[in-house]
Every structure is written in C-alpha cells, then in structure tokens.
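Per-chain numbering from 1; labels A, B and C assigned in written order.
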C-alpha cells in the first residue's frame, strides 16, 4: 500500500476482517472444541465454550473403536497413490504441451478440461457396473483409478500453466550447452518448476482426500476412506457428537495444514489459469 | 576452426516461407552480422544454424561436415540469447560451468576454466551470486562467459545488447568485438541496429523478408549497395532516392544520393528547393529540402551553416557518388 | 524448440494422458447412452430389451424429475448468489490495509479444505440441531423459537452448508483479482475525483466481471452435482424436498437398480453440464492465447 491510511480506519477494517474471518472459521473451531468435550458436555444447553472438562478420551476411543486407522490408511493410500500416478502421467504430458506444442495442443488442453466437466452422476451407472463385474468395488485400486483419472485434467492443466511460465530460452540454452533431453528435464526444468510441481501435488492430494462422490458410491468398508467413514456417523443411532468431532478433526487436520500451505497456488489451479 | 556454410536453406512455418533459400559462406574466425528490419527472419536464420529449428530444405555445414540433422547439443556452437537465458537456480559459477559439466569435464579443469572466463569478463567477485542479484550488464557478461568457456566452433548472438542502456551498449559492443578478435572464434551476430552492424562486422548479411539482399563488408555495402533495399537500409540518415525524369537523365529508373554526398549552397548549380526542417546536432546539421519535381531531399552538412527554415538553397550531388538502379531496383554498374 | 525430434518426443509423452482420458470419457459415456436405450434393472437380470426413448420419457415426465430439476436450480442459484455477494464483500475487506491479513486469509479459506461429509455433519448436528445445536441456543437466548432446520427448511439448510463450503473459493478468487487491480489505476481514478463508491462501480466491478464469470461457471459445474451433503444430512427428504438431479439419479441407480432410467437421467445431467462447460472452455481458451 503506497498510500497513507489513518490508524483509526485501519483498526476498524482490521476488526471487521477478523470478525468475518472468525465467523467463517467458527464451525471448524466449534467442531474442534467439541472434540475435547465429554459426550454430555457436547449436548449441554447452554453450550459451554471454554469452561468444560477438557478430555482427549474421544480421540482415544476413535482410534481404538471403528478401525479408524484403517480408514485413515485408506485415505492416505488412495489420495497419495492417485496423486503420484497422476503426476507421473501428467509431467511428461505437460512438458510436451508447454515446450513442444503443435497445432493441436490447444485443442487437446481444452478437451482435457472438458472431460473434467462431465458430471460424475452421468457415468455413475456404467462405472458402478464395470467395477462390480471386475471386482473393483470397495477396493483401494478401484478408488485410486477413479480419483487419478478424475483429477488428471486438473493436474495436467496446473503443471502446464507453471511450465509455460518458464522461458523457453533457458531450456534452449541448456540444449546449446550440450544437455540431452533427460539432463535438460532433470537439471534445468525440474529445479525451476519445483514450486509449481509441489503445489500441484498438494492441491491434488487435497482434492483426492476430500472427494466424496465416488468414494461414497464405490466403497463401503474395507477400502472406505475417511469421507465414507465419517458419513457412517450420519445414522441417527450414531449421535456421538464428541466422537464425531474427534474423528472429523482428525480427518481434516492434515488437509487443512496442507491446504494452508498451498493456498497461494490454489486460485490458479482451480480456475485452470483463468485467474492468476 | 569454425567455418559455416549455408546452402539454399529454406524454412517455412506452415504455409509461411520465412527463409527463402539462403546461401552463405561464413569464414573461420570472421565476425558476421545479420541485419534487417524486424520480422525479416534474422532470429530464425540464427536458430537454424544453432539447430533449434529444423530446416525445411537445404543444407548446413560446419567445417565442411553436414550438420543439417545434428541436434543443437552436438553442433559445438554456443549462443547468447537476447534475454540472456541464465539458469535462475544456479550461481554465476554454475551457469558458466554448466556446459562443461554436460561435456563431462573433470572438476578441477572446470574450475580453472570458469575462473579464467570470469577474470576476462570481470566477473570474479560475483561468481557465487545468483543471476537475479546481478545488474543487466553483469548478466550479459555471464551469458557471454557461458558461451566462451566452452571454446565453441562459433558464437551465435541474438541481439545481445538490446536490453542495455545506450552507454553500456557502446561499451559492450567494443568488448564483444575485442573478445572475438582475441579468441579468433567465428561469430554470427544478429541485430537490427545498423550502427552495431557497421562497427562490429567483418561482413554484413542484409536480410529482407527472408531473402539475403547482400553479403559484404560494411564498406562495400555502403559504397556499392546491390539494390534499392540495401541502399535505403544502410546509412543514416537514409539515402535519398529519386525517380522520374531526374533519374532518366542519368540513364536509370532510380538514382540514390547519400545526404553526406550533397553539397548545400545558397546559389550556383544544382537542384533548387526550400528548406523545410533543419536538425542541428552540433557537429552536423541535417536539412530537409523540398525540391519541386524531385521530392524532399535530406542533406548533411558539417557544422553550423546558418541556414534557416524557408530559405531557398541549391543542392549539388557529388557526381561520382550517385548510385543508379534499374526498374527492378538492382544496382547498375557505374 | 520445435525441431522434428522434440515434436516426436512430445507426441510420445502426451500419448498416455490422452489415451487414458479418452477411455475414461468415451467408454462410460457410450455405455450410459446404450443403457439409456434399454429396459434394464439389476433386480431382474437377463430381462433387458430395447426401450427406445421410453427411459427418457419416463424420467423426464416423472414428477420427481421436475421437482429435482427445480431443486437443483434453486440450490445452484442460491449458493451462487450467496457466495458471490458475500465473497465480494469478504474479498474487498481482505484487500483493505489490515493487520494480520494472512491469518484472516487462513480462517476464510479453511472451510474449503473440509471434506463434504464432515462439514455436512458438523452443521447438521453441532450447529443446526433443533434442541442441542448452537443455533437453537442462540435463538432461544434472544427469546426466539429455535428453528428445526431439517424439518421445516431443509433446502435452506443444505444451501447454507454448501454456501459455507464455497464461500472461500469465491472470496479467494475475487481477492486475487482485486490484488491485480493496478494501484496506479486506482490513483488515477482518485486524481480524476472519483469517490469510493464510483471507484467501486466504474473500476472495481468491471475488473471483477471476468473472475466472477469464472467463479459462476466453475461453481456451477460442481454445484450441479452436489451429492455428499444431501446424502449425509437429509437423504433427499423430507419427501423430495432436497432431492436434486444427482441424488435422483443415484436413487434410481443404486437404490432402485433401474439402470435404464438412471442412465437417461445421467445423460440429461451431462447435457446440462456441457452447455455450461461450453462457455467455460471458451473463456479459458481465450486466456490461453494471451
């Protein structure tokens, strides 16, 4: 800000912004607080905000009961696995489109984008039947495949927008310096694109972790990731709010942290580079 | 060693013919400059030599060996880019050393060479810095250092000085020339600045719309332009071109007279006209004279003449320095 | 950069991605089209037969379809309205010279990272529960009758949850766009004597037009198929009050096992999404040139 702003005005704006931020964040905060309450405190009216009996027993219960670890592992494996495979397919493709473009490159990119816009419900039936017939229902492999393909267009796009910002000249200079294609990718492109590659990875993990259409429809127990697991708390007899909160906090904490790290790159990734 | 031969090299992008049959012989150790207006294909021709683009047809030879299908990494040339294209994640040392590393040179030898190049270019204090912490002129030097350290067969420069300010440009111009002479390595240098071309080149290639209009030493181009395009392009201010009856009197379709070859007088012989504009540069004065039947002519006079706008003057061309061109624009023998 | 060698290499490297996405898109789509023309129910295997357009007639004339379509449009429209209006305010506020902008930013963006099932359950139980929810307590502490959200205003409840999830997205994109509004332009406008309001109308809003379009299109694509939030809160009810198109298709397919009409419904959703995608692709494509 180049302009001078009076202290009083800044104070008012600051207060307003913090208030708005707090209200938006409140449901998460409330969930986290509830996770440290006893089930009784969690239901109490009037609600207790800070002065309740703090306990971590919910976390212990959630860990023991209900195979929480299994579902967490499922989330880690499906989100991580689908991301790594997507990156392995996407990095070469994005390199090709950014640095060896042909007349059709733009069309291919837009076509990839349009595959992302196909509503999942449109293909729910065939995917479900294929999965049923091939024994892929409720398997990690099955989830990895849908998550990977579902996010592939976004991954390619994000990498493409990052690669495109690397001046072609520099890669050509490496080529003039006698670098082979492999060395050019390894010693010049990758180090320069590292921030972009990292944030693409992060965003993709986040999207895969939170995906809740395919995971709900294609997994039930053995391969169920946290999205499906948490959904099982929706049945009326499962009204254990404190435990629900503890499980939820555990389920979103890692992603919240990753997300906060990647938020700067998020806009570009989610808008396919249309807003930077 | 580093002679470069182009034989009828063509390049098209889709249906656009950008280079239309260029043949050229660049001698070992010479400094050749490509000049021409923007978009005429200078960069493209340089990139064809570098191997960064494929030729559509024709042949490129380096030291007699056909390199038309050899990838850039194997041609043994080095290039200085207009944008410098330094590796942003490497130090100055890393930038200069990269090519040597790629060639698998032992570490001790790399260090020795890098430090040698750095001292020639006054970069020694900056060896451990990243490019972003350097000034424009220093970055330029790093790019040059990266090119010379590999002892290539030839240097390729694409408008390397165009991002520098005027003073630095003059200084670097001299440094590059001196360095090239000292190393005796062939250099191909692209610019659209004709002063750079005239001062640096052993030989100049004038390009226009993908065609080589003339290839010769700076003085040849100045004294014997092969056609109207070269005549108009080389020299500043531009050569006066006169057509119609006046040219007919000289047995040509067009005649050309350089401003410095016109004598301005208040009376006597010559074309009579009215001074439209006078530009006083101190050392010289350029006057623009409207001559009926001939057009506006530019004349260059040394020092101050005290000629005012609106005054009537006589312009006398130096008869031995009149260039004559035929209807196709080709120069006629004197 | 464009020698034959690099071009060939490029084709090789891009091939796996293209092939996979092609299969991923074409095979299921073709199957959906095929199923939509069949009488096929998983409960009566072996009794498939050609149905012509019956499934479409059935699906499209089913009163539930009209209800679901209207619900879908209400959901999408309301969430868009809320997120864009509030998002603009949040973005403007965060673009003010404030202390701790980064922390505010973290708080604002957080809901976007919460998985849909978690946010739906947290809102349903901890906040909107008619007896023990925080909202109920808030209402009664100011002397009002607590609202039984999911009985009386189920759609509004779903809209609030989804809007909360998407508000960060709109805010963040609009904030990014605001930050790219040239400080000099603003200063020039001030020199021209523009006040805060006219600066907003003549400078900021036009500048935001494009990002707002992008937000509308991208959110619409996701909002058309809101599923998890409905699945864990209302299950489409009471009655059909919160059944949107995605949920209706899910019910037909995996609850009634009526593959034929679920496929017909799926194709309707594809067509609607494609109309929108067409515009988004054009906007993004124009950006590619630059």
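As a working rule, a contact is a pair of C-beta atoms (placed from the backbone, for glycine too) under 8 Å apart; a residue touches a chain by one contact, two chains touch by 3 or more.
Treat the numbers as computed from the prediction; the structure is a model and nothing was measured.
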Legend entry - Centroid-based (C-alpha) most distant chain relative to chain A: B
Legend entry - Two chains joined by the most C-beta pairs in contact, as defined above: A-C
Legend entry - Whole-Å gap between the CA centroids of chain B and chain C: 58
Legend entry - Distance from chain C to chain A - Cα centre to Cα centre, in angstrom: 16
Inset, instruction - List, in ascending order, every residue of chain B touching at least 2 other chains. - result: 52, 71
Legend entry - Residue numbers of chain C (touch at least two other chains): 1-2
Legend entry - Shared-contact residues (touching 2 or more other chains) in chain A: 172
Inset, instruction - Under the touch definition given earlier, write down the residues of chain A that touch chain C in their complex. - result: 1-3, 5, 10, 13-14, 16-18, 20-22, 24-25, 27-28, 30-31, 34, 42-47, 89-90, 92-93, 95-97, 99-102, 106, 108-110, 112-115, 117-130, 149, 152-153, 156, 168, 171-172, 181, 206, 209-210, 212-213, 216-217, 226-228, 230-231, 233-234, 239, 241, 244-245, 248, 251-252, 255-256, 258-260, 263, 266-267, 270-276
Inset, instruction - Sort out for me which residues of chain A touch chain B in the complex. - result: 167, 169-170, 172-180, 183, 187-188, 191-192
Legend entry - chain A-touching residues of chain B, taken from the complex the two chains share: 50, 52, 71-74, 77-79, 81-83, 85-89, 98-99, 102-103, 146, 150
Legend entry - chain C-touching residues of chain B, taken from the complex the two chains share: 51-54, 71
Legend entry - Interfacial residue positions of chain C with respect to chain A in the complex: 1-2, 6-7, 9-11, 13-14, 16-18, 20-21, 24-25, 27-29, 31-32, 35, 89-90, 93-94, 96-101, 103-127, 131-132, 134, 136-137, 141, 164, 167-169, 172-173, 176-177, 180, 183, 187, 210-211, 214, 218, 221, 224-225, 227-228, 231-233, 245-246, 249-250, 253-254, 259, 262-263, 265-267, 269-270, 272-274, 276-277, 280-281, 283-285, 287-288
